[in-house]
Amino acid sequence: MPLKAETRDKLMGVSTATLCTALFKRGLRNQFIQDVHPVNAQRDPKTPNMVGEAFTLRYIPAREDLNPITVFQDRAHPQRKAVETCPPGAVFVIDSRKDPRAASAGSILVTRLMKRGVAGIVTDGGFRDSPEIAQLAIPAYHHRPSAPTNLTLHQALDIDVPIGCGDVAVWPGDVVVGDGEGVVVIPAAIADEIAAEAVEMTAFEDFVTEKVNQGRSILGLYPPTDDKSRDEFAAWRKERGR
Amino acid sequence: MPLKAETRDKLMGVSTATLCTALFKRGLRNQFIQDVHPVNAQRDPKTPNMVGEAFTLRYIPAREDLNPITVFQDRAHPQRKAVETCPPGAVFVIDSRKDPRAASAGSILVTRLMKRGVAGIVTDGGFRDSPEIAQLAIPAYHHRPSAPTNLTLHQALDIDVPIGCGDVAVWPGDVVVGDGEGVVVIPAAIADEIAAEAVEMTAFEDFVTEKVNQGRSILGLYPPTDDKSRDEFAAWRKERGR
Amino acid sequence: MPLKAETRDKLMGVSTATLCTALFKRGLRNQFIQDVHPVNAQRDPKTPNMVGEAFTLRYIPAREDLNPITVFQDRAHPQRKAVETCPPGAVFVIDSRKDPRAASAGSILVTRLMKRGVAGIVTDGGFRDSPEIAQLAIPAYHHRPSAPTNLTLHQALDIDVPIGCGDVAVWPGDVVVGDGEGVVVIPAAIADEIAAEAVEMTAFEDFVTEKVNQGRSILGLYPPTDDKSRDEFAAWRKERGR
Amino acid sequence: MPLKAETRDKLMGVSTATLCTALFKRGLRNQFIQDVHPVNAQRDPKTPNMVGEAFTLRYIPAREDLNPITVFQDRAHPQRKAVETCPPGAVFVIDSRKDPRAASAGSILVTRLMKRGVAGIVTDGGFRDSPEIAQLAIPAYHHRPSAPTNLTLHQALDIDVPIGCGDVAVWPGDVVVGDGEGVVVIPAAIADEIAAEAVEMTAFEDFVTEKVNQGRSILGLYPPTDDKSRDEFAAWRKERGR
Amino acid sequence: MPLKAETRDKLMGVSTATLCTALFKRGLRNQFIQDVHPVNAQRDPKTPNMVGEAFTLRYIPAREDLNPITVFQDRAHPQRKAVETCPPGAVFVIDSRKDPRAASAGSILVTRLMKRGVAGIVTDGGFRDSPEIAQLAIPAYHHRPSAPTNLTLHQALDIDVPIGCGDVAVWPGDVVVGDGEGVVVIPAAIADEIAAEAVEMTAFEDFVTEKVNQGRSILGLYPPTDDKSRDEFAAWRKERGR
Amino acid sequence: MPLKAETRDKLMGVSTATLCTALFKRGLRNQFIQDVHPVNAQRDPKTPNMVGEAFTLRYIPAREDLNPITVFQDRAHPQRKAVETCPPGAVFVIDSRKDPRAASAGSILVTRLMKRGVAGIVTDGGFRDSPEIAQLAIPAYHHRPSAPTNLTLHQALDIDVPIGCGDVAVWPGDVVVGDGEGVVVIPAAIADEIAAEAVEMTAFEDFVTEKVNQGRSILGLYPPTDDKSRDEFAAWRKERGR
């Protein structure tokens, strides 16, 4: 069940906050990756969202004897192999066990992902070369910068298995969306309906924001418990064609 | 004992660091809200301070059965009611138990506060829609962005009661001041004297900074244990009319 | 064994990430100061690195009776004395026991260090007046902003002794390097060889980045297990004169 | 809706683990007070549970000028008043904001609660005089021992209001149950049904434990997906009269 | 390469501290599972060690829709299957992502492991029914008690794959040793030599302890830089037959 | 100003909680070492307190090349030297930077301290061989057990300098008192008066406890705002000869 282009487009233009509410309504309370932020803090708020299906990489703690610098000479090393096999359009999500004391990856690997058409990269640890990554044309999310090579504390192990990232379950194929606030994970089976609902909610939130900016009280408007609010919204939609 | 316009003006132009020192001299060592930051990280350092009397909202942990999405249909829901009743010129301070895993509020409520003339908003949790909030013309302070709806973890309970925020006691009516560094809470009863003293200290710090930039040692100057330093400062004040 | 001008120059232009890898190869896995960041978040990524020999200041917890505001009237107070005696070109490193709840120093002291030609300042606590410090022409690194005066929680004790900073051992004379990512500590005895190796590694990384940006796979290139990659790099170096 | 004697009796003999499962089945996932332990680590595992309705006390951070040692001379001080008004049979629950750096209460107050017939005491901070409290004939639960007087960091404020304790919502009248593992909070409205269900579950768990101790596999037994398991359990109950 | 009976016997009688030193000498600095403790705090210090090869279970965060209480009706559920397939003599090690807010397992499963001859159980989360587990004749190690069912936060996923536990890499077949202090993980390939060396070291430590108890200084004795110390130890060994 | 035998005796019989209150009355709010516990959890509550003057040892983070296992062959290694020079009757206090991931010391060194007549040992890290230490006739306090050798993370550096331990300033010669609850640090200059006051307070607390056990309310009794309470206490003291 690949991600539909239409769904991807919808998810480009709604916020992670709105998506979290749509998920909350379905009993999914824990889909926002905790304490993970855009590497690029100066990110333009109008940048479209990162959207793609999750392609995962699992790290375990590194044992010193298994992780000399020479391990990367192996073309089958899972970190390197994952970078070369992540499908274009996917989001590369790393389980770093929330440990940012050593890097999850650096700018060369992230550049390669960018060139391969990958939609973004997320770790619950930290990236090295973060100032360079912040300038790349690929969204990247982490906890905080971390210069030590990943061999210091992380050993790449599994490719595209279910993982935890920032206390959230990430199953391969889940739809991952990132904006200026952070990253949310949508179960694949409900991505279409969540996207559709979020577009509706966004229209309403835009309407409400406009009204509030005009001086309206939120009572009766947000949520629209007054008939008047609902009528006005209907008119507003018609007028805007949304 | 409402906040005097004159005191408000003074507090607009002094730093939270200077205020903390003035409070420290009176034995108040714990008035700086810990680990709370401006939502707008690109904030212009010349922006005037957020200043206002504390108007508080208390959250407790949310219990699932008491917090379906429908609770906001109640016009008396404390979060919504607080937003509509916070006095213009006040600072809206939320006790989120230092838990940023779900939002304390989002951009629509913060916009409404802005339109109502509220001076600023502070939480020891996180805001959702934080990229939008960062662009609003109202100062907002939190721990970190948080997309999940506040019902996920927070239940609004009490309006304008004494609370804790970032390990600081906040009593309704305390004077809350925020700059680019963070937020300090001044007990209402001493706001005038603290403001006056901080203005004096700021003049001296500006003088010292000027001298240090001219190459002067801090010894004897900061603090001014040399007579010469005190004389120079007196002359400097006269010259600047401060 | 003072820091050679040539070594300083080399260290100006390599990243902390590259330095960490060079240290890792020598069995030094723990030289990156954890969770310490540039005060100036809008720092231009092209700014040259902070480089200098460590000059240290050790804080212990403050006891209330020993730390009234008047202690700074003593010209021999270790914090003030350290600021006046730190050698030009050195990096001033403070052991704040990873406690950012009160300030390690403020803008006047940092300005004085700048005027004295000190190369930078690092604490594993927080600075006060951080918005002002962010604008100064001296690199400063901390955990987070902290307005309370340092007397609130810190007592300056020892000057230029071995300390811990962000879980890293810092020995006086170690070479401290900071970039947009953070701060790394290089043992004095190997600073020259680490600098030389990092320059070599940087040339190779620049080559790899260029190739990856041209669409090349990392396999066989990074690390250069293919002969072709090694040959191309040799040609690239000759061409660039690196 | 006071706690029925029959419900209290049932809750005396079931575990907090079983109660958590019964609550989980009703969508209540967050009723176990996190990181709170019996003060008496040598507690006999056969001790009956602590059971009673929640009577709460809310602390906020202490401000130095409001909390000299003399505040306790006021008979209406909320901490002292709460101790004298907590109903016999209730559980006294304190919101200490998960801060154990100063005490929530000490042995004299806990002794007084014991003499007044209170069923137990819980804080998400720490008790002082904890070695004495461990010897008292009243169950007490905290995070860890803490000798500093509560005025150091806590100010008692509200009596019998909804609070948070260890990340759990505690509403006055909720039924609080503690065993050797910790403390669970049952919403008042469902206490009877939860108690009844837990008694049933406990009978089944006792049956399963007996069978497992006899060498039986858990497959088909726990849960009892095999008809045989269900039949055996029915026979076991009849035999034991449970 | 199954664990030799002789090696198992040796590991029964040496401490985790001694094993950590033997591992440290080989460059393995990170083999002690952090912050994991015997469930039975009253454990007799003379109890023989837990020793066995690691058999692992990996948890990821639970998603609500995938983890209703009914999942255990599936005989192939990885948690239940793992309990029934863990080899006798092995140590069952669970990766709970250091999250003790919900249980890793409870007394029925631990009893079943005990009956199946499993050597012990370790989690970096918490057990429920911990007072019962403390009484069982099988060693169990966790971070702290945790009553909520594991479905609340954990989803069992993989059986006998490499995992992290308490920041340590655990590979299936590694030799896991637990004493009253905690748990250490020995890479399978060096278990024999580490065991042999630890037995030697233990003899020496017993000798030193005896001497120190007789009033001897540690200088020259520990380590035995004096010839006399080495001679005495040789005599002591001969005398004791060790 | 050595510790008077009389003061030592007084401090043997009062609680750390009472001492904290006496210190609080003098404005010293931060003298209780945070999160440090008796190694011997089964400690008899009637054991007399640990009392002695602080003799300190300072650790910094270990750098791998400076801390091979061979460093202990140096008789002047600060850890070993400190153990041999700590005065009998003193309390050995280690600044482990609150890092228990590797040991601060083990049973052989603690045994040596015991034999040398040292009054106790405290670290804000962890001890290895903790089950053995728990059985020794010397009080020992730490955060939690930790088997890895201290060279893994700690380098002993300074002997008998001012340090931080569990967020408390410890100056050589300060009087350190430990009971079943934890450890408090009394500035040397006020040890006599604090001891005297604590003895008085303890008499009163014993009186209050007796009355409360007889059923008396705490109001008017604790503190003794009623004349009657004060009279009764005077009579009680006379009767008991206290």
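To keep things simple, chains are lettered A, B, C, D, E and F as they appear, and every chain counts its residues starting from 1.
Here is the rule we go by: a contact is a pair of C-beta atoms (placed from the backbone, for glycine too) under 8 Å apart; a residue touches a chain by one contact, two chains touch by 3 or more.
Here the structure is a predicted model, which means the values were calculated and not measured.
In summary, the chains found to touch both chain B and chain F are C, D. Counting C-beta pairs in contact across B-D and across B-C shows that the higher total falls to B-C. The most distant chain from chain A, with centres taken as the mean of CA atoms, is F. The two sequence copies chain A and chain C touch through a face in which the numbers common to both fall below half of the numbers used overall. The distance from the centre of chain C to the centre of chain F, each centre being the mean of the chain's C-alpha atoms, comes to 37 Å. For the pair chain D and chain F, the distance between C-alpha centroids works out to 31 Å.
Here the spacing of chain C and chain D, counted between their Cα centres, is 49 Å. Along chain E, residues 29, 41-42 each make contact with two or more other chains. Chains that are in contact with each other form these pairs: A-B, A-C, A-E, B-C, B-D, C-F, D-E, D-F, E-F. Chain C makes touch with chain A in their complex at residues 15-17, 19-21, 24-25, 29, 32, 34-35, 37, 41-42, 45, 179-182, 184, 205, 208-209, 212-213, 215, 217-220, 222-223, 225. Against chain E, the residues of chain F that register as touching in their complex are 41-42, 69, 72-73, 75, 80, 83-84, 100-101, 103, 106-109, 111-112, 115, 128-132, 134-135, 144-149, 151-152. By the touch criterion stated above, chain F contacts chain C in their complex at residues 26-31, 60-66, 97-99, 155, 157-158, 161-164, 167-169, 171, 187.
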